[in-house]
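Some structures to go through are shown next.
Two complexes, one shared chain (subunit A), two partners (subunit B, subunit C).
Entry: the complex of A and B
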């Protein structure tokens, strides 16, 4: 009784009620707190720590040295090997992102149709994504082996001069981009498919009634309607593409992106800085430069995909409005 | 030492396993564990060191000890792995294999490893070749690495192909044909030119091996004896060797430096520089148990004796069972086990008694060559060169790319090759 009384004294609520109140207000935060705690420990702290490291002469093994301010950023940005890695990354990114997104959209559009055994096809496009990237890289490295790999064999049979996939710059980029495309096209196709499935079917029906063909419906309805998802896919592909590491690393296990850095990407450059060359400060600076590059290119892609998609969406708005004018099934 | 590239999966899987092993290895705790309590010791090795086959015997002798082993694909993978874990201050296996190529870097942070003198290594000091023991000792006299193998070099060669070309194909005949004890790189390449002219086939697979051997033969390599002053820019000997390699690039197969399996099986090259640990690499081109491939092993190296590579075992300071780990490391590095490892994979013992134990060893794969005797002969007068902190960067990233482009026929004159190397040196190495 007395505790109950005391409880009432404070604000007129019982302890239980207070607890319930606290539960009501705090629980959601507690429920989501694991994410934020994990993010703080595994995400935020390393990011801040990396800034700290990047401002020092920092030997991987011996640790912190002298404070040099932005020195590591300057040496990195004036290093021809960094720009070589930058160029390779962009090249591989373009060779993978563009065909991948085009193919993913087409595959998604096909899967969006009423086809037989659709679940089977949807599952199978996701299969490459399930394969471990290491396994993918090992298999493709064998396929693209310039010394007697299957592709070389086919080219030889056709009387074509063997392509030096592992040695020349552009062929090596194609080989690496192929691994990326193989792995990610199905994944992106499924995401785009989900967006396409959310488009109300009656829009298509009305468009068809208006005499819009398949292509016209695809360009004027599907593409504009999946715009937010498309932007999401473009952004994630950008982040993934610019951080590419496993495929070029395993394409030649002996070096960090080819003996002559033919396919050294920025992350491989970062890796070479951090481990074989033990310059942790420059590796940290490279990480931050890469971060800024990703943001810049991400914004650029966002802007591009917005303008492309929004030109069509204006036209698209007319489709539902026309529908409201016409009585349901009026043309039949 | 570098090893042939197998599948890169091995490295990746091994990397993940390391983590798992480290986690499980930390379960039992405390330094004062009585010796009969079950203990798990972790060990990380690389390439074909021949010691993996010894663990079982050790476990049998020490029933309370379980060995969890990780084998990384090559020295480079092991280096990156060890550096990352030393930097993190945690995660090193109890016993860690260290390669000569990055030993000088480890020496600078040798306190990451225990002083093996605390665990009785000094009682066995006289077992080792003096220079090998000294390599594992830091500036303060702490012994951070127990020597395993050394890399005296001979030549692996295809006797059958030489004979088919009308050239001497037996061990002594081939050695004599390239100049015997006085063989020079010039006389070696002359033989190669003759072979290619007569057979129409390439002589060697990739020139980097001749380059590395030559560098190791010099009294001072990429660094002066102090281990800090670079010794490259005015080095006429190095420049001369690069010239010689460019001039003889026409008899190369243009094969990859590591993992030339296809080319070997297709008889596309006939000679291979073989430090002791490389015998396992050549065998690796073929299926296990294969013999009669025509490979043989000769007691000769153009330019004189040289050591290429060699490994050490260190016990990490962070190990929870330093005593037991040190016991294991010293046991693995003992003459008897070095001899056993040699018989499995070919790394030549760095202990005198170990060398005696393998003196009569022969190798059926290499046409029954008396490998023990040949390596003992090849090891005579060998002293490891002083390596500097950036030695592996210079080898892999300065001369490596240039040799690769020579190999691919993209650089065809010595002057260009040298200038490209110097440009890379200036870009990559702080001077």
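Entry: the complex of A and C
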């Protein structure tokens, strides 16, 4: 105890005590510095430098060319292929995000009961998550093979003409969205399940005793109570959905999003600018435009999901405070 | 809607202001039990989801064990054939899966260990140590999590080529060494798990700052370190865009090798070989999943992980 008091008083410290104090003062900075130094070099610097690259003619091989100001942005925004990629991205995003969230909510609600072998069922819905997007794309490209494969087989048995999944715009978007949905639905279901399990059971009990049916309890209790998690899932699905690359890239490995760009997404467009065309300036400008689109659509989604999920019921239920960890970023 | 709940709360059985007659009570109990005991509909839905989750994987295994022309059979085949091993051998002859697997184990393992170590260190400092600028710096960490990777991918590629790292594993490993998400994840965990008194006590006992970290923080952080490591390992294993840009065909990762295998036959690839290769690429994570599936689920259920 006396050591501590002496330490705080400041006077009459031995060298050892001074050393110990310095140790405790400097350590936090030493502990956080590896992260900040590496992040500055490998994360922050490239992002800031992208601005610079985007303002020049910049060739992959020849390097920096003339300064052209916002020229790359103008060229990109007036390029019909960019807007084609934008439309495709939005279409695939909607086809994946909406069914995925609906299905994830249903799965979560089903899992949020006293079911037998709950670990088994949870693991089974998470199983697709371990398949890498590349593997998912390879498998589903064969499942949607228009000259064979199970889907064509089933359609044929039903007497329906084969659908040209790889060639037509809308069917190709459905096929790509299916890949995304298959991998992510179970994952999102588990996040929503966590939120559902935090809802106090006696609220349901009271509602049930009061005559509220299953559906009524779901709409009036479950949905409003998981609102923050719902918003989190929507935002992360937006960020992920707008950055889709692997699935459309591999759906037709020979091109960058189909022979007629029928499923070229924005990141694929960026990739095409940067590598086959070696135009780093255009690619860097596209990266910034994509970033702004993500922020805009993220904010829009936030506003929409607030409105849809908000109900005055929330104010009338007292919920015990609980720890919620909700980061909104990816792993990197 | 709100009125339902307001009326329900005081009349709930535990607070017992209104005592219903036995008949009423039995009816209500039946209803409550109906809610608690899931019926055939629940298990039917779960089985449907289960089939949906398993079918694509099963089907690709079935196709991978047959000959390519079986993909055209109507109705679709669902029973494995005898050719799985020979298809796998063909796949290994077409692309260097052995090298890809070794490379990816090195990449994912190094990234996971590095991220877990630096995240625990920084997360501990942010959660439990007091220092000037702590809140501002933590805010900076959180802000960086919102920035998409693609934004910096062009200059990062230029940096990697400048350092002559293209086609080396370093090109994939170095940008993954730290993660803002990891720092945030460890901070959130450690903030509740370690009591401040424990750190104070260690200091009073004369432990060095590092000793306190190593002997107090790390043992408490172990469960979170395991979950974080698992997720970072999986994310690195399944990453495609960045390895595609910096690794050549001679030095592939599992994902770039699989993509190369998929593109190997032009427009008429040997589907059975490609799907056999796909199964090979999934098996390592499948084994990991069977051993650590519960931890993965716990990590996701804590709401903290988004790949």
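FYI, the second predicted complex is superposed on the first by the 272 of 332 C-alpha atoms of A that agree within 3 Å, B and C clash if a C-alpha of one lies under 4 Å from a C-alpha of the other, contacts with A are read in each partner's own complex, and residues count from 1 in each chain.
Note that in this section contacts are C-beta pairs under 8 Å (C-beta built on N, C-alpha and C of every residue); 3 or more make two chains touch, one makes a residue touch a chain.
Note that the structure is a prediction, hence the values are computed from the model and not measured.
In the superposed pair of complexes, A:260 makes contact with subunit B only, with no contact to subunit C. Within the superposed three-chain model, A:119 lies in touch with subunit C and out of touch with subunit B [touch as defined at top].
Judged by the number of subunit A residues each one touches, C leads among subunit B and subunit C. When the two complexes are overlaid on their common chain A, residue A:61 makes contact with subunit B while staying clear of subunit C. Contacts of A:107 after superposition: subunit C is touched, whereas subunit B is not reached.
Look at A:276: by the touch rule set out above, it reaches subunit B but stays clear of subunit C.
Residue contacts after overlaying the shared chain place A:147 against subunit B and subunit C alike. By the document's definition of touching, both partners, subunit B and subunit C, reach A:250. Of the two partner chains placed by superposition, subunit B and subunit C are both touched by A:135.
In the superposed model, A:167 lies in contact with subunit B only, and not with subunit C. Put simply, subunit A uses residues 134-135, 137-138, 141, 147-148, 250, 253-254, 275, 280 to touch subunit B in one complex and subunit C in the other. Those residues of subunit A lying in contact with subunit C across their complex are 1, 3-4, 20, 23-25, 27-29, 31-32, 34-36, 38-39, 42-47, 49-50, 53, 106-107, 110-111, 113-115, 119, 121-143, 145, 147-150, 153-154, 156-157, 182, 186-187, 190-191, 193-195, 197, 202-210, 212, 214, 216-217, 220-221, 229, 232, 236, 239-240, 243, 245-246, 250, 253-254, 267, 270-271, 274-275, 280, 283-284, 287-288, 290-291, 294, 311-313, 315-317, 323-332.
Interface residues of subunit B, counted against subunit A in their complex, comprise 2, 5, 7-9, 11-13, 73-74, 76-77, 79-80, 83-84, 86-87, 105, 108-109, 112, 255-258, 260, 262-263, 392-393, 396-397, 400-401, 404-405, 408, 427-428. Touching subunit B in their complex are the following residues of subunit A: 60-63, 79-81, 134-135, 137-138, 141, 147-148, 164, 166-167, 250, 253-255, 259-261, 275-278, 280.
The touching residues of subunit C, counted against subunit A in their complex, run 1-2, 4-9, 11-14, 28, 31-32, 35-38, 42-43, 45-46, 49-50, 52-54, 56-57, 59-60, 63, 71-76, 118-119, 121-122, 124-126, 129-131, 134, 137, 141-142, 144-159, 174-181, 183-185, 188, 192, 203-204, 206, 208-210, 213, 231-232, 234-235, 237-238, 240-241, 245, 254-255, 258-259, 262-263, 266-267, 271, 274-275, 278, 281-282, 285-286, 288-289, 293-294, 296-297, 300-307.
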